[in-house]
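Below are structures written as structure tokens.
Two complexes come next, and they have one chain in common, chain A, joined by chain B in the first and chain C in the second.
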Partner chain A sequence: MRTQIYAHDIDALALGATVLGAGGGGDPYIGALMAKQAMETHGPVELVSIDELADNELVIPSAMMGAPTVMVEKIPSGQEPSAAFRQLERFLGQKAAATVSAEAGGLNSTIPFVVAAELRIPVVDADGMGRAFPEIPMTAFHLGGISATPMMLVDDKGNTLLLSTIDNAWTEALSRSATVVMGGSAMLALYPATAGRMRAHLVHGTLSRALAIGRILQQPMDRADRLAELLEQTSGRLLFTGKVTDVMRRTVGGFARGTVTIEGLAEDTGSVLRLEFQNENLVALRDGAPVATVPDLITVMDLETIRPITTEEVRYGQRVTVIGMPCADVWRQEAALELVGPRYFGYDLDYVPLRP
Partner chain B sequence: MSYRLGIDVGGTNTDVVLLDGDNRVVAKRKRPDSSDIMTGIRDAVRAVLDDSGVDPVAISQAMLGTTQVTNAIIERRDLNDVAVVRLGAPATRAVQPLAGWPEDLRRRYQRFSYIVGGGHEFDGREIAPLDEKELTRIAREVKGQVGAVAISSVFSPVNAAHEERAAVIFREELGEDTPISLSHQIGSVGLLERENATVLNAAVSKVAKRATVSFQEALASIGIHANLYLAQNDGTLMSVEYALLYPILTIACGPTNSMRGAAYLTGLKDAMVVDVGGTSTDVGVLVHGFPRESFIAVEVGGVRTNFRMPDLFSIGLGGGSIVRDLDGDLQIGPDSVGYRIVEEGRCFGGSQTTFTDIAVALGRARVGTHPVTLPRNRAQAAYDLAIARVTEAIDRMKTSASAVPLILVGGGSVLLPDAFEGVSEVYRPDNYDVANAIGAAIAQVSGRVDRIFAMDHRSREEVLEEAQAIAFSEAIRAGADASTLEVVEMEEVPIAYLPGNAVRVKVTAAGTLASYERRGAKDSHARS
Partner chain C sequence: MRTQIYAHDIDALALGATVLGAGGGGDPYIGALMAKQAMETHGPVELVSIDELADNELVIPSAMMGAPTVMVEKIPSGQEPSAAFRQLERFLGQKAAATVSAEAGGLNSTIPFVVAAELRIPVVDADGMGRAFPEIPMTAFHLGGISATPMMLVDDKGNTLLLSTIDNAWTEALSRSATVVMGGSAMLALYPATAGRMRAHLVHGTLSRALAIGRILQQPMDRADRLAELLEQTSGRLLFTGKVTDVMRRTVGGFARGTVTIEGLAEDTGSVLRLEFQNENLVALRDGAPVATVPDLITVMDLETIRPITTEEVRYGQRVTVIGMPCADVWRQEAALELVGPRYFGYDLDYVPLRP
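After this line comes the complex of A and B, so read on.
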């Protein structure tokens, strides 16, 4: 499967990626503008299935790391993503056949398109999460035993850092501090692997899914129809419809945490949904009982416009509908749940797989 | 006795009020906008002088709230060319200035658009030294080609040194007459939105100049030689000199003035305000006497900006809103007969059924010259539908579930009931119909700071003290009396994914005009 992606497709991709961001992942606004500028300058980008690549061909994921707040102020130079990519190719002594998204939710859905447009290589229609997560090891690549290093970090000035670590937890710790020295954001080329090795450790079709979701939400049709199509596209489930009656925020260890209380409307009248978030929405409790938990995706949508509302944007008084979407199968294994299950994030709950 | 004039030029009407030294309304006048705004202002001012018999020389201050700048941007009228200068290279090249602008404006402004070495990191370090040579070259290149300069530096809300130095270089080359807009004076964190607002600010320099000059001339022509002030969208005033530097801050001052007027007329500092006009209803929130600010990016003429704006929820429901299909699937608005209600509305003998006619038919309001008869149950259903929309808008703007007081202002507010769900008490002040002009007349002067501070080596108190000192000095610069200054808003927002306690601090301080008579300002609150 091969599809041409044009600059004018990027807004839909970014909108769909916000839905897959499950409330987090960073606002893709700047990332989308970067991708559009790169594609207007260098031309469209081909989106391909991993099956289009030979087993021995190299694939290098591209991503941004750091504070989204910094990126909206200190916009990248635009050279960083492809510089990181090229430097890693040089270090490995092999040209890569394609790039791929490490995280399809939020901002990182668009970064591979910046690299691909400039280097004229395809983007693999897949990612390492199928959603957004806050840390480098939280990927299907990691679960598949692929090392995040050798990894290149490049800043806006052209400083390049090569990381070679003993494990992916060290990669997270070291790259996080390096990013701060670099001014709060950096671009990465990481998790290099052959297509053959990577194939079994990807979440497939996520970028075309983001695009499809974005197109559904852009359609000028009835909101009930848009919502129904969205749920069909994502195999998702309507969890709750109501009004936000309380938002409590606190910042703990650099992460924005909080609790959203939603009082039911229409069929949900009389019930209360409590949402716990840490950058992303992690746990949804209906009248005290969990109805969806991480790693499944929980996204809050505006009831009127059927547009995603991020955890930064959620406010008292908003009329919302909360949807749950099943995570990629890879996250439902025991080892994965230790890495991204509710207990990892500090909730005394077992993972409750979303009922279809 | 000295007097003050408050003038509000809105979409359909020009409202004028004359206040005495005790802030009492001596005369008021509402008239439909003429094609020539200044003629309209002159005629309305002359009318209040005639009604009151006040001598023009006794007017010491005149405050103007106007939509002219907003309209110039929306209608692309009389905008001047701008040198768009961003300081941030090598960073920021991935998204050029004017990205996402409407095509017509982008084509026009990208001719003189530059990204130059400079800018800062979030913690105040330099990204690169300021490229002064390149700035001098650009200044010579644009000389005689542009009417204004817009300078935006990365993280200027943290460190404005590069913007200020660049301004000196441009001033040396272009002289004192070319206005220079600096982004840290206009917007907050978010480079593109702040840069956009700065470019728009520069683009309306000519419009602002003309509006203020003709305002001065209109008043001078009827013998008024008062100090002139313009209303800003945060509910405070700026001197004419300051307004010429930051004309963009007048955008959306109309709804803000209404809310400030509502606060003054009732003496309430924390309340909801519902302002009902002919076509729409704005719902806002007063916090410590000032409108709550919007937290999302706001589009002005199709351009995304992030400068401060009042947080409003507007619905297409006003006194002139047309009611359709009274017997079937009821619909009210969003289209309105506007000021033509006096010809087309049933209560004035016309044939259109408006929201006003519904209220008149139900005996809830006495408006117009003709009785209105409509089937009672259908009229009630239409009224209930309209009130449900207002109630929902009120509920959306509330930040907590507890009941809050509500102030009704605007000409159409007579149509609304005396109680709403979630509202503790409804206030209907005198002179509710000219609350906007009163809001302009009684406004204070403010100064503010919105920056990121690192708290690594300093205590929280030290940072907040520094922020407050900056806000105070800004207010004094804008014309405030230092002895009356107080902090009206303080907010700290921690920033995610950054260590070292980087915190965004916003402080707004406000005080009375330095030339104000204190007596008037003090008495005003006792009166309510």
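After this line comes the complex of A and C, so read on.
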């Protein structure tokens, strides 16, 4: 499978990836802008299956790290994503055959296209999560025993930092604190691995899935139909419809954390949904009872436009519909739930898989 | 000038360097232990003048970074200093002809001997400060326009971090936060430069000076005579004699900060000396009036043993004599005082050079 992705596909891809971002993964506008600019300059980018790559070929995921709130304020220059990538290649003494998305999300689905366009390499149609998560080790790569390091961080000033650690938890701690010092965000090249090593430890098809979701949302049809098609495409279900009546938000230790309160409308009148987030939406409580939890995807959609609203964009007064979508199978294993289940994030809740 | 330094010289060297450390620069016991162990295994180390090196030969300073309070608690394994050094050499693709001390001080005068013994290279008889200072840019190297990066940090777990920054202030910020995450201390190889570039931007003779001071303190003579000889050797002067009646100490942002209150004895009876420190002693106020300030050296000596007491060892009840010593000439320039004068550290005081 090889597909050409053109600059005019990027808005749909970023939009769909924002739905998969579960509130995180960055702003789709900035990411799309950067990718379109790079692709208009350097041409379209090939989206390939990992099976198109030979076992010994090097794949380096590209991403941006930091609180999305900060990313919105610091529009990165187009050069940085490939700067981190090129410097990691130089350190490894090997050129990468492809890049891949570390996580779905408005920004982190499109960053690989910036790198790929500049370096004229393909993007693997996959990602490390099938969604967005707030921490470096929360990837299928990690579950497959792949080290996030050597990892390169580059900031918007031109400072670079190369990490080699004994495990991915140290990578998270050291890169998070560096990102805070760097002003809240950094461009990354990380989890370098051969295609052979990475093949079994990816969420396949994430980017074409994001594109398909984005195309549904762009269709000129009735919003109820768009929502229904979205739920069908994602095996998702409607969790709640209402009006945002309170948002508490703070940036702590490089993360955007907070709580959103939504008062029910229509058939949800009289009920309240509370969302807890750390970059991504983690837990949805309806009148105090969990209706969806991480690692399943919880995404807030604008009720009028049926467009995703990220955790940094959610505001008092918005009329929204909240949807839940089942996570990739890799997250439903016990070892994975220790890494990304509700208890990891401090909630005294068991994960109950969302049913369509 | 080439001198062999043997394991049995190290105690004197570390002791004298602790006097020059002005309260900081680490504990002499740990540093001496590490250096003696390395030298007993690998043989003596040659102390050379920078003039013995050709202009194009590479010199890499070796040091440990962190709050001295933490260094005392985390006795590093002997392998680490040369691990950072070797990895920086590998990154630069060039072997260093020598190492040098980044700062005087009990630990940072001896770390270069660990590296030098293991790698069988000489140590340059110099340092970057002629004393100890708390921040990376506070060096003659920096005043000479030399970048602290590429800089390698290695922790006791085996995590490594390579920094390349746009200036030494970013290096300080990024390495300080990494050191905190690494548990409070890290081994460094930094400020790599050719001998030709470094020659004019060193404090020459610091290590042989430390050795001479240490030998004075080890002499079996009357303590008043030892103190008099020490003051003569360092062009220093007696600031105050008294008993420590209060110590406030806290570890903040990777630094040990605090205040020491000393009530006068003998001819100082009725007066109080207050010392402010950030790793190193910064300001000495006698009854509220400054009697010595950074960048001049302020060192607390045990009144009975005439041995230096570092800021992490100073305790209630100790009988002490506080001495002031003039700093290296490089620090008395205006540009240098902006970097290390009392105002930089937040004191509303002008630097008044100490007179012997």
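Points worth noting:
One rule holds for everything that comes next: the second predicted complex is superposed on the first by the 325 of 356 C-alpha atoms of A that agree within 3 Å, B and C clash if a C-alpha of one lies under 4 Å from a C-alpha of the other, contacts with A are read in each partner's own complex, and residues count from 1 in each chain.
Basically, contacts are C-beta pairs under 8 Å (C-beta built on N, C-alpha and C of every residue); 3 or more make two chains touch, one makes a residue touch a chain.
Everything numeric here is computed off the predicted structure, so don't read it as measured data.
Of the two partner chains, chain C is the only one touched by A:N159; chain B is not.
By the touch criterion stated above, A:V180 is placed in contact with chain B and with chain C alike. In the superposed pair of complexes, A:G317 makes contact with chain B only, with no contact to chain C.
Counting the residues of chain A touched by each of chain B and chain C gives the higher count for B. Using the contact criterion defined above for the overlaid structures, shared-chain residue A:Q37 touches chain B, although it does not reach chain C. Using the contact criterion defined above for the overlaid structures, shared-chain residue A:W170 touches chain C, although it does not reach chain B. With the contact threshold set out at the top, residues 157-158, 180 of chain A are in contact with chain B in one structure and with chain C in the other.
Contacts from chain A toward chain B in the complex involve residues 30, 33-34, 36-38, 66-70, 72-79, 114, 156-158, 180, 183-184, 243, 245-246, 251, 254-256, 279, 313, 315-319. Interface of chain C with chain A (complex): residues 157-166, 170, 173-174, 177-178, 180-182. Residues 88-96, 99-100, 119, 121-123, 125, 127-128, 154-155, 189-192, 295-296, 395-401, 494-500 of chain B are the ones that touch chain A when the two sit in their complex.
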